[in-house]
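Before anything else, here is the set of structures, which you'll find just below.
The two complexes that follow have chain A in common; it is paired with chain B in the first and with chain C in the second.
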Partner chain A sequence: MRCAFTKKEAIMPTTQTQGRREFLKGAATGLGLGTLSAMGIFSYSPMRAFFLPEAERKMADFGTCKSVKVTNISETSWFDNSILMGDIKGAGGLLVNQYDYNWAPFGDGSGLAKGSYERGIAKIKHLLPNHLEEAWEIIKTNSVNPDNAGGFAALVEIESLEGKKTKYLLDSGWSYAWMDECFKREGIDKMLQNNEIEALIISHEHFDHFWGLPVTMKYAPNIKIIIPEGFYKEGLQYIKDSGHTGEVVVAKKGRNDWEPGFCTYTFDVPIICRVFGEQSLFVNVQDKGLVSITGCCHQGIIKFADTAYKELKYDNDQMYGLYGGLHISPFEDWDPKYDDLVISLGKWDFQKVGCNHCTGLLTAQKFIRAGYPVVEGTAQHRSKSKAYLGNGDIITFG
Partner chain B sequence: MRIDDLYPLAFEHTAQGFRTLMRTLLIKANYDGVLKKTTGFRGMHVSEERQECWTLKFEQFAGVFGIFLANLDDTFGHFHLHYFPSPQEALLEKCSLAEACLANAPDFIDKVRTFYAHDALLAHFFIGTLALHVDPQNESFYGAYQGQMRERIYAKEGVVHPHEPHTLLVPKEGLDKDFPAFRLLLPLMHFFNTTLLRLTQEPPRTFELFRAKGTCLTYDSAGVFHSAADGGSVKILVATGYGKIPHSTLTQTLLEGTHAKKMDDSKSLTVFFQKAPWYELDANNHLVTTPLAQAVPKPKLIVVTGFLGSGKTSFLQHYIEHETQNNRFVGIIQNELGKIGLDGKLLDYDYSLVEMDEGCVCCSLSGQLRAGIGALAQKASPDTILLETSGVANPFNLLSELDELDDLVDFEAIVTVVDGVNALALFEQYRIFQDQVRAADVILLNKSDLLDEITQAKVYARILANNRCAAILPVVEGNIHPSTLRHSIVASTSQIASLISEEESAPFTHVDEGISSLKVTLSTPLTKGLFSTYLRKLPKKIYRVKGVVRFKDEPNPWVVQYVNGQFEFLEQCNGANTETFLVFIGKDLDKGYFEGPL
Partner chain C sequence: METPLFLEERSLVKRYSGPWPLLINTLFIAVLFYISWWIFQDPRGIMRMYTPFEGYMWCRWLLVIMIWIAYVFDFWPFSRTWLKNTHPVLKGVIFTTLTVVLFTVLLKGFFETVLGELAIAYFSPRRLTELGLIEFYAIEYSAQAILMFAAIASWLSPAWVVAAENAPWQNLKQPVKGFTVLMFTFFLSFIVYFVAFHSHMAILFDPWQEFTAITPPWWESFADTVHGNFNIAWIMCCTVIVWMHETIWERYPFSMIERPWLRRTASFMGIIAIAVALSFFLYYAQELAWGEAIRGTRRDESPDWRWLHVGELAIFWLVPTLFMHFYLNNGVNRFSKPTNILFRTLISIAAAVVLYYVYYKTAHLFLGTQKGFSHPQQFPMVPMIWLVNVMLVNYWFMDGWPGWRLSREGEVVKTAHGVHEKSVLTPAFYRGVIGGTLGGVVFYFALVYLLPAMTNALRIY
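And now, the complex of A and B:
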């Protein structure tokens, strides 16, 4: 049916505009779309159809276990934030490839931001993984701020319903010197040598979680390594160059089950310093609910908790525990009032929370003051505050 | 363009694949400080209620932009673009009555954040589409924006006012909706093209504009809609492509059946795009990578002042932690040696700190501040520099030197932290306290939780009597989100918004590439009346003026504060030796223009 008007001038005369304004002022007092039709105004009916299926709550049953215990081997990823941020800014910002920084262990002596994986590894490859002290000496002379490097690693023990305990190593830290010291302190070196650890799970390709890989290789070169989908070629090469002789499993985006009650979920998000993808651990503890363990949670706690809610089935439909680094979201919200970790966390009603340095000290203190069930640590071995679950501290769920 | 450089997963031509691509571009854009400055990007939110959708804000528009993947065909992923106006903005009057009613609902903004979950929001506020095509094998990436200059809906039988049957809100065959949709696509285009330039360091291979006849909708009194060709409206397609192969087939696919014509270089729209910072042609008329690809942002400078015990230190600590959580680096310049300052241990990490020598920063400025900022920038390239002045410092002395630092930093604001509990007493006792309030762009009224209503009203009144132009924000323990602070700095956002979005005849303009400040020294006293007229007539591009002047027939100097069309003069009682000057902050400042009238 043709329109009767085609060339009419589109004018909105002022009296109509004023009448319109007045009307709209009244509209704020609750005229719904339903009442408009009486006046001849119609809701624009969608002329476009959206063909994409809608998401629903999947509630995949990945099983149940009895308990999970997390021992923090090291949460001090680095020791001085201003040095780290200074390096990142000096190198050109958050989008610069981490392998180019000339940070340990890939220093080639040419200075900040002038490095490369190939040139860096060439200096030390022959020493990995059995001569780490020697390698670290070379690294120190060639790298920018090597003493600032620490690392993140945690020991995760899953207890099955039948009482069987399985150990996983989550991440392998950064500095060879520091991580070896931490491994020895917690007895991880012996556990690895005795094949007590089922697999090394790398949460994401970041320097402070992954570059200390040779330390694990020194004690268990044959261990199964589980990496999230999204590693760049340098990372894949480093696994080989570190002396790994075992199996590499790529955890594809989405859910990956490892044993009853324990799965990881790989998030396809870009992370600072040219890294992509992070996997987080989910454990369904019998009668308690879901425990979430993260390396850093760069995908953001909102995405993280939303995903768990949509995808997984867990006891009591309750988010029970949370341990690890916490960021609200990789986005900066246009409404700053939503950029509040204290409020966001409250929505999920966690029963037991352990923070680390990623959370931020003032934020951790705010959690505590807000009465959140934060499990405090002992602030030892260079961890800076009791508000964190620090180096050597343990948290058990279930 | 190497798609696998953008992200290392194999690109899949599926809904999830396109969403991951969009999400990756948006998140990476978040990490880029220069992008925010040149495109006015102000943050985003992702919602996954029902299905993933993104909302974004830009400085120059008061409303919220929305993006979602609407559908998929063999060649393209089609994203729909929406603009949800703010209920206060003039643009809303161009929306349909139905849309205006939706926008005035009290929970509108909350719904906008999750707009995919609300059918009404999906059906309305549409401004255009973005069709993306990705071909990793050929390293090709193509995006085409399509939008109408005007989205129009006619009410065939008009719309009657519900309470006044003889008044027509919309005349018969008149326009219910007449929205300048294409204009609103511009900030999104600018944003994506700048993002791609900085990520890939490549110029586009293809950049073409096409125009075709637009369409409009009409509805009758039965609520039946019809689509028709609208002689007045024009549909525009802007195609941008990267990579090794030509993209003309893709454009032709999108244009099939529309009788579209290519727009040549003489058209004003084409000329407009050619002024974009991501667009540059070489001698052979090929697009090349512009300097924007490598630009490094200048740090922002915020001057923090406040009396001893005001809570300045707490404010700094909270600010630092917020910024650190967002991977931004804050540098501090303090000029108090050995006084109660920031305790690195208290904050769990060190931040870069430079201490200024020789007493008060505000008394011996020449070169000091420049050296301090220079040293800090060398050491650590901070995103923001907080200059903490001593508790007894007079920021007016500081102000006259700030414009000289324009090449090193972007001056953002003077923030004064005020102890709410002791404010009234401090006003009485210390002129310096009064000056700190008067110089402020933002006043943080700290310990606001300890103030009863009566005292609070008195404190506000006293502050306003000394500074009508500053934003006053009540805070507790100095805690305020850095973005809230930034957005409260009146002027830049609303000024530029009004330039672009409200004026019918305004030429298309790009977002500012840098605001600068200019200082003019005044050698002779001014005439108050003439000066007031001068300020009233200041062009919109100058949105802040601060300084100290002398008026004829007045013994004392007067403080001048001008913000966003509002101004005031405050007499200083003991400022006999104050330098007289004015600092102008705005864009495209031309020194000659100022010296004349003054």
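And now, the complex of A and C:
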């Protein structure tokens, strides 16, 4: 047996047609060979940068403010990871629609994964927003693991260059009982009643950020609500069913300015439990730099920072502060991509980091081990570790 | 003498004239896919195995076991007479059940018990739970390790049959040949697993398990990530190229090599070389479409997801390729073999682009997957491989029923083959190769130049 490639006495074509046919066969073979060779040699070589577009910075000026203060009302969205993940596993995993879980407040008594928004809300709608204790009692009898529900909410206070302070409520938590307790502890109930809070910014539609909405409505039903693009029909209906009477603003994908030095940014990011879209906050603090504040940051903290780098102009061109749930290992799970984040976060040179909630304790500990400027908390009001800026803790930038 | 495989030996004939067999089988596959997806995988369905790793593990391993049954064991212990005379539906049920039973035994007996309880803890969900992991993640981590093994096996098992031609055991009889090839490819898979994925598993735990694995992994600086998805990329491309080689490429151009050892070596190594080139290009294509990857991001900008998406893109190419091979007799057969292959390749790529577009536009509406490209729970490989499995059940196990049937003894079967050609090379052929190679390079750079505009025109999100 011999290899045809080494054959010397090649058969010559007898006609022009045969010759053309042989040429075409060779050309078809060569086309594949040439394409594949170029793919292999060029595609992952340093030369490939020649065809990649230059990263252009837009440097959009959204103003400057004097400082920003964040009060952590609650970062404990749930109290026991194993219970939450047991529910998620039992219901069929992380892609199951959150309204189907039969979690509080939409429990209808039919058991895990058999719920629906319509059946759940029907049991409590008549009690919203003014009879939340009574509603919660009904919810407790009909829902799966209602005592595991907590919630995420933070008070963001922007101080303008003239010294005027404007308050925004970021998210409204999950459990009616827990959130009401937290609001009272931090005086949010009074601020809402006195119309001291400019708007409620809902970072995204997730249960632990949004389902405690009636607690805010109880104190300020006419408050302006800013939601990101991507809410499902159940979420939009819940705003109405919670007793809201004010304006609802849908923040479109991209940057949305609210006052000098303060904007939100909506990312069209797909999220577990059938949620889509999240908005996070950017604050430009005079002489310091950019402060990034997040609810869950499902878009990823590096993506969040890179968006600011590409889109915004901020003082000293410095990534200054970071606060919130950074959504890295929220269920204390791990993936090597999170190590990529821990390794690469240092390049962004944040000066002050306050993390909690869905950041994951393991991530916070890895940040501290890596020498990042993590501001530690007091581990009070059911927050689990000082590695987190916990419930009731305050961080000020500027 | 080597016995041809039953799949090579059999001839299928259409039961009906015109396009009906194609239409009937397409409908049959679609219905079977959707019902089985709803029962086993769909997050809104009954068993909800698409978590995603548990469901992913199952569909990858079912594919491997089917390859073992049809290619490695050539349907042993079932006789040719039984294979020819049994109703296709009954055969489909028996072989599919056998596939599931074999994997259950392998999963529970070998991976979770022998390996997980006696050797490496991360193969056992029970041990991981005992060590403090939440049960959900214990199952997901374990499934991740087991499915990575399947990813390798689904490349090496068929590659040893179709590229290495079962050498040096090609003349053995079944089941000796099957067990020998199985053991050898399993052994190879173990080596590749430890080199390509063990480090990935070791850094899932805190602290990194540096005494039992190389951490950070050897590929970190090259791939710009510590994630094992870098290896998923080229291994998935290997899996896909094996089937290109076997189906629409008709083992060309390696089939031109007459010396067996050289042909087998060139085929086996050539598949790897093509796969690596393809994986680099598919990564670059994403950079051209979406910009450079940024390490540390979570989603479609992160290097680890880009490498994963290389594998996903390759799978989108495999589906129309197999469909074209199974139900359209490779589609193009009227020209010379290289020209046929060129047209088939271009058609399958165009079909893959359409499938990709339709999938990301609509899958979340009927499969229960997450909208968007890059959600951690968005694994198009799962529905795509599930669909491939359904096609394999139909074509391998059921002889293409209901649109096709096995030919009867003495029946003349009309097949559309390209013009029969001797594998001899003429000066005109060589001139063509030189011209074609230059044309291929020009084509590549034209594609690179046009890709940003093309992907912009087809922007989904």
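Things worth noting here:
The rule is short, and it goes like this: the second predicted complex is superposed on the first by the 329 of 398 C-alpha atoms of A that agree within 3 Å, B and C clash if a C-alpha of one lies under 4 Å from a C-alpha of the other, contacts with A are read in each partner's own complex, and residues count from 1 in each chain.
In this text, contacts are C-beta pairs under 8 Å (C-beta built on N, C-alpha and C of every residue); 3 or more make two chains touch, one makes a residue touch a chain.
These numbers were taken from a predicted model, which means no experiment stands behind them.
In the overlay built on the shared chain, the residue A:Asp306 is in contact with chain B and with chain C.
By the touch criterion stated above, A:Phe207 is placed in contact with neither chain B nor chain C. Of the two partner chains placed around the shared chain by superposition, chain B is the only one that A:Gly360 touches, whereas chain C remains out of contact.
Judged by the touch definition given at the top, the superposed model places A:Lys253 against chain B, while chain C stays out of reach. By the document's definition of touching, neither partner reaches A:Tyr320: not chain B, not chain C.
Of the two partner chains placed around the shared chain by superposition, neither chain B nor chain C is touched by A:Phe62. Of the two partner chains placed by the overlay, neither chain B nor chain C lies in contact with A:Tyr176.
Looking at the shared chain after the overlay, A:Ser344 reaches chain C, while chain B stays out of its contact range. When both complexes are aligned on chain A by C-alpha atoms, chain A residues 1-5, 7, 10-13, 19-21, 23-24, 27-28, 31-33, 35-40, 42-44, 48, 51-52, 55, 81-82, 85-86, 88-89, 92-95, 268-270, 272, 276, 303, 306, 327, 331-337, 339-341, 362 touch chain B in the first and chain C in the second. Per the touch definition, chain C reaches chain A in the complex via residues 43-45, 48, 50-52, 134-137, 139-140, 200, 203-206, 216, 225-228, 252-253, 256-260, 262, 273-274, 276-278, 280-281, 283-284, 287-288, 291-292, 294-299, 301-305, 336-339, 341-342, 345, 368-372, 374-378, 421-445, 448-449, 452, 461. Of all residues in chain A, those touching chain C in their complex are 1-5, 7, 10-13, 18-40, 42-44, 48, 51-53, 55, 81-82, 85-86, 88-89, 91-97, 100, 268-272, 274, 276, 298-303, 306, 327, 331-337, 339-341, 343-345, 362, 366.
In the complex of the two chains, the chain B residues touching chain A come out as 7-9, 15, 20, 23-24, 26-28, 30-33, 42-46, 48, 50-51, 55-57, 64, 69-72, 80, 87, 92-93, 96-102, 104-106, 109, 113, 119-120, 122-124, 150, 152-162, 164, 167-171, 173-178, 198-199, 216-219, 221, 223, 225-232, 296, 317-318, 321-322, 324-327, 329, 345, 347-352, 379-383, 481-484, 487.
On the chain A side of its complex with chain B, the touching residues are 1-13, 16-17, 19-21, 23-24, 27-28, 31-33, 35-52, 54-55, 80-83, 85-86, 88-90, 92-95, 229-232, 253, 268-270, 272, 276-277, 303, 306, 310, 327-341, 357, 360-363, 384-385.
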